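After this come two complexes, each holding chain A, first together with chain B and then together with chain C.
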Partner chain A sequence: MGRTKEKQHRRKVRLTTADHVFNIIVDVFMVFILIAILIPLWSTVTLSFRPIDFIGSNLRGMFLPPWEWSTKAYEGLFANDGFLSAFANSFKILVGGVACALVLTIPMAYVLSVQSLPGRRIINMIVIIPYVFNVGMIPAYLLVKDIGLINSLPAVFLPGAISTYNCIIMRQFFVGIPMELKESARIDGCTELQVMFRIILPLSKAIVMTIGLFYAVSFWNDFFHAMLYLNDSYLNPLPIFLRNILIGSGMNENLEVTAFAESPINAIKAASVFMSAIPMVIAYPFIQKYFTKGTLLGSVKG
Partner chain B sequence: MGKAKDPAAVMKKSKLRREIKRHRSIYILALFPLIYYIIFKYVPIWNAQIAFKDFRAIAGVSGSEWIGLENFREFFNSFYFWSLIRNTVMYSVGKILISLPLSILLAIAIYECTRPILRKVVQTLAYLPHFLSWVIMYGILLTLLAPGDGVFNDIVKLFGGHPIDFLSNTSTFPWVVLISDAWKEMGWSAIIFIAALMGIDVSLFEAAVVEGATSWQRVRYITLPSIMPVIVTVLILKLGTILDAGFNQIFMLYSPQVYSVGDIIDTWVYRQGLLDFKFSLATAVGLFKGVFGMILVIFANWLSGRLSDSSLF
Partner chain C sequence: MKKALSLLMAMLITASIFAAGAKEPAAAQAAGTPEDPVTIDLWFGAAITEAGMIPEDWIGYDILRNEHGIDLKLTMLPSSESDQDMKIQAAGAGNALPDLFMVRRPVLENLVNQGLVAQVDDCFEKMPVRTAQQYDADSIRNSSFDGHAYGFASPGAIAKNEGLLIRKDWLDNLGLAVPTTLDELTEVLRAFTFDDPNGNGIDDTYGYGAFVETDASLKGYPGSRLWPIMGAFGVEGLWCFDAPNQGLSIFKPEFYDFMVYLKGICDEGLIDPNWLSYKKDDFRAAWKQGRFGVMYEQNAAYASESNYAPFDMNFPDGEWIIIDAITGPDGHAAIGAYDMNYRIYAVSQKAADAGKLDKICELLEWMSSDEGYYLLGWGQEGVNFVFDENGTPVAGDLGDNAFTGSKGQVYTQLRNMVFYNSDVELASRYPTYTTAVSGKEMSALAALRQMQGMKWTSGVGSGTLPTPSADVQRYYDQSLAEFLSGSRALTPENWQAFLDQFKAIGGADWNAEGIAAMEAAGLVRGE
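Showing the complex of A and B:
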């Protein structure tokens, strides 16, 4: 970002009309993008705090001052067993999923990064072929059914426990670690396994964090596998609970009695949306710290 | 041929043996992930044989009867075949046409912006929607687009128009899909262009300023040409996944009223297979998509490797 400072300084020296127009257009575009991103988020957040006696549209509701907001929708949500169990299930899927994913992805990525390994190309092929050749959801469904995972939480995270894309990104990072480090460790008498645990992994905290957070996001947001493989409502994770609320079929009586009387139904929907998003929003600054560094572009840049 | 073994070959062989022995622990490390791959990635490929069978749950995958290409014939001859292909391609091409220019513009704007705070705020917020799921997006879209009290219909009513049910109207639904995708992914897609912009040699700009180039000319003659290879690579790799129009998004947003313009290959496969239990037909369609997609990806990868020596694998 040092370049911009330099650029500003330069512009002070000579700034033509064309440059002025250019800067204004850039600023206007940036503000436009900012507003376009904020309106949908803001309208949903304000809707979730809508009091029951508010009369008017969502557009007017966006300008309701915060001291008139009501937290009744959230109170209703937190008193609801369906929501609490969905939140707990989502959390279990996230923890189990990330643990499984890292335990499988790190070794796989490391193995693929050992250039001198005999048979590395074959292992590489084994990893790439299913990535390129995707046979679709039915054969995968039959597998999960056959090994008896239907109606269990691992069914949600096991099929996605190694994302080949994440694996390639991680391998690319391992490959980028200077060979000399590994060589000198070997000369000092380290075994291959020791090289991984003592040399490579301590240097790879950033990529392990990044990939871990990526898995966390994908498991937290997963809707599809949960819909496919979980039938009992007590196993529902948050995305399924949210969808049921949104399409109006999941308003179980408990929620209606406790919350519906005190806050508009749309406020409950919006509060559910907000509660589903909040863990991602909290985790987001940590994820952002890593991906803006460009760690993740390795695989695409070749 | 009749001679004793070639000494070079013998040495090579013993060297290989030594190398394998040295990497013993690495193979052990590979064991669990490879078992995982066999079970979760290769058994489904084996299961895909039911595309050529009349699958019955009792008989299982291997026990069901072979019927050749019957399932494929049923799909190719059906009236929905072309409409599924058309919708799928329409959405993926439409998304490229809207998102790609927008994300390039955004990247250039972020790069050129002279106000550090504005730049930081836009950059941070623009990436955020990528991390929201389509279920959450559906909730947000309901707030915006609901026919009764949605924000957009308020504006429509303000100008004296009739409220529109954006999500169940066949003429507005495709636009909702395309624009909501652009809103969600624009910032994320811009990252790669921002990274490319950061890599431009600053001395080029200095030289341009000395020569008296305006900001416009710098963008036109330095910035754009510099990131052109990245644009081409992204475009090609996106074309490789043209049959993936975004299952999660469409599945969340569509409804029977808009099947005619909303149904894509993946959503159709889901309904046929898991709602109507036509496992074989659905698998055949999935396999068709898989083979076609594989050819496209390999071709795209080869092409981007040739044009800009960057490829995915």
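Showing the complex of A and C:
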């Protein structure tokens, strides 16, 4: 019913010339943005399929017909044990990290959203202070070392398992859930934990998925912590492997021997960048509906 | 509530005091026998970081354990120097430095100041073979502070491995001779730009090709790719070591003359106009596509098989030749400036305190023995390499297991710890080959030898001189770029104004510190 009304209302609105001009400008601008995003993306994809004997400009390479493409870069990448183990390590960090982060962030955000919590202001301060004043690399390193996490995968995700920013977003969402729902659950005999699990969480799918995606992207891309805390090369995740290809290959310019002798190194670089983006590209459409809802929550008042 | 919080705070403080007071139990000293080996934790710079770690079945582990009582634990450092620095500094701050680790000199200096690195003055005589191969007076000075060595500086990248190249086929097409003076070079650049040297009837060529390749110690802006021209004015290299002009080259009047010349060829269109925006890969793609006829390039980037192949395919009749330095108006001539590059390995004070220094010397000496040298450099004979008739290790028919193959190359990840640019290494690294299309005989080694024989200016010690702050560096680079791009007029007044401002924001201090360091290290020539 509501939708039909909305449609009728839309039909009634007559656009003025100024509206049309404005819409055209917006459309042109959006097309421009689309092209600006598509060109580097297409350039990376085509570069990854460029054959070793290709000679020509980048522009020509971008329009190389698909039957002249070569899969050598991908073959080289998949034949490299380092790539597969790095992919597996990244996946472990992703799963372990997102699970840990959500398990820790949800209760933390819920507790902070409870208005009657004793010392709520002080606890809020304690949460926000490290967000404003970063402790820095060395104290974080000392902490990770002292709790014995050096050279283990949890070192990559445990120190960042609760992001203050994500926690505050989630807290705001929980604050917006009507108090009456929680009170009626309590009257029915629910404990606080039961309120959280049985009432709050089922209503919070959008924010949990959104924050989960935030965490997933940050853990998947995290290079710095892995570089700092992991010594064993077999534990290296994909961002380290990628960086080694991107930087290491350039350092061997005076050598005939490289890890990927059968493929042009630029194709290998592009293929590895493309491959590392794929998991997030696949995951995003499934989470998009929650993501859009989750990011809009709290943005409209009244 | 307040009471509960106070109690909580008190508990936290007490717990942290106890935690801080707790000491790690001291490990018992290992005997250094196969049964009770000494563990040496080594963080090294891998030869091919993207290829992966040395496999656990590497025979070197067994040799070290069974014959030397050493249990070697290897960690590959990240590929970028800044990442390496960060990892080492974090480990240093956490007193978690490994026993032996590769480190850059500025970071080493910090660690030395903090007392985290062991003095190794007495170690050289315990490693006679390795010291003879790798550690001369220059190298020891490179890892020394206040007269004491705090690391082992091994030779790094080959020095003087770049040269000035010119398209001989273009010279022949236009009936020109190889230029020897700056005036002749200008004429050649003009002809290459305007007289259709490739004969295709299209205006698609330039005289000179370059890109901006700089660093904070040797290659000052506009970078080493312009060195042959800077050499003609005597301002190649960021620093001048010749008295009475010692200091930053930019303060020499000749630097302004060079800028005027360079601006002139830019304005006339004799240099590929993309040179200010080119990256290394773009530049290399450009010469392979025949965009320009004069360039400054590295021996292997020019002449090794895979790098030369695209040019060979594009221009079977094309030919680059290496020429000597161009003589400038005042008789200056230099291909460029060179420094000796070193890879420093340092021993942590913690390892020395644990009595591991002797075992570390034993490890390094073994690496430089015949057994260690070939094992680390090329792998196992018969498995990863074979000797050819000249005694050079080659891949032979060993396929993927060869040191050049995808499976074999990981066994040579430690090779930078033993290589010292010997003839065997270079012959193995740069084999002579016949090009696929034109059938030319090429050798990156022959190119290297020819390049090394040209006129070079010594900049040895540049790497030990102070580096500028980011603001000073930015001002230096940006101002020169503005002069060259025309956004600031290149006039004597503007140049002087730039120098005055540069001095005021920290350039004068940088120059003074550099001169003091030069003089302290005895690097100034002609005093």
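Simple rule for what comes next: the second predicted complex is superposed on the first by the 251 of 302 C-alpha atoms of A that agree within 3 Å, B and C clash if a C-alpha of one lies under 4 Å from a C-alpha of the other, contacts with A are read in each partner's own complex, and residues count from 1 in each chain.
FYI, contacts are C-beta pairs under 8 Å (C-beta built on N, C-alpha and C of every residue); 3 or more make two chains touch, one makes a residue touch a chain.
A quick note: this is a predicted structure, and the numbers were derived from the prediction, not measured.
K.L.:
For A:84, is the partner it touches chain B (first), chain C (second), both, or none of the two (neither)?
P.N.:
Neither partner.
K.L.:
Using the touch definition from the top, say if A:150 reaches chain B (first), chain C (second), both or neither.
P.N.:
In the superposition, A:150 contacts chain C only.
K.L.:
Which of the two partners, first being chain B and second being chain C, lies in contact with A:181: first, second, both, or neither?
P.N.:
neither
K.L.:
Tell me which partner A:266 touches in the superposition: chain B (first), chain C (second), both or neither.
P.N.:
both
K.L.:
Of the partners chain B and chain C, which touch A:138 in the superposed model: first, second, both, neither?
P.N.:
both
K.L.:
With both complexes superposed on chain A, which partner does A:203 reach: first (chain B), second (chain C), both or neither?
P.N.:
In the superposition, A:203 contacts neither chain B nor chain C.
K.L.:
Quick one: classify A:231 as touching chain B (first), chain C (second), both or neither.
P.N.:
second
K.L.:
Check the residue A:243 against both partner chains and state whether it touches chain B (first), chain C (second), both, or neither.
P.N.:
Touch partners of A:243: chain B and chain C.
K.L.:
Tell me which partner touches more residues of chain A in the superposed arrangement, chain B or chain C.
P.N.:
Per-residue touch count on chain A favours B.
K.L.:
Pick one for A:278: touches chain B only (first), chain C only (second), both, or neither.
P.N.:
After superposing on A, A:278 lies clear of both chain B and chain C.
K.L.:
Common interface residues of chain A with chain B and chain C?
P.N.:
In chain A, residues 57, 118-119, 137-138, 141-142, 228, 243, 266 are touched by chain B and also by chain C.
K.L.:
Please output the residues of chain B touching chain A within their complex, sorted ascending.
P.N.:
Residues 16, 19-20, 22-26, 29-30, 32-34, 36-37, 39-48, 50, 61, 105-106, 109-110, 112-116, 118-119, 121-129, 131-136, 138-144, 146, 149-151, 154-155, 158, 183, 187, 191-192, 195, 198, 202, 205-206, 209, 214-216, 219, 233, 237, 247-248, 251-252, 266, 269-270, 273-274, 279, 282-283, 285-287, 289-291, 293-294, 297-298, 309-313 of chain B touch chain A in their complex.
K.L.:
Flag every residue of chain A that touches chain C in the complex, lowest number first.
P.N.:
Residues 53, 55-57, 76, 79-82, 118-119, 122, 137-138, 141-142, 145-146, 150, 227-228, 231-234, 240-241, 243-245, 247-261, 266 of chain A touch chain C in their complex.
K.L.:
Would you mind writing out the residues of chain C in touch with chain A in their complex?
P.N.:
The touching residues are 1, 5, 19, 43, 46-53, 75-76, 78-80, 83, 86-87, 90-91, 93-94, 96, 157-158, 161, 280-281, 285, 288-289, 298-301, 304-306, 309-310, 313-314, 403-404, 406, 409, 412, 429-431.
K.L.:
Once bound in the complex, which stretches of chain A touch chain B?
P.N.:
Where chain A meets chain B, its residues are 1, 3-4, 6-8, 10-11, 14, 16, 18-19, 22-23, 26-27, 29-31, 33-34, 36-41, 43-44, 47, 57-60, 62, 103-105, 107-108, 110-111, 114, 116-119, 123, 126-128, 130-143, 147, 158-159, 161-162, 168, 191-193, 196, 217, 220-224, 228, 239, 242-243, 246, 266, 269-270, 272-273, 276-277, 280-281, 283-284, 287-288, 291-292, 294, 296-297, 299-302.
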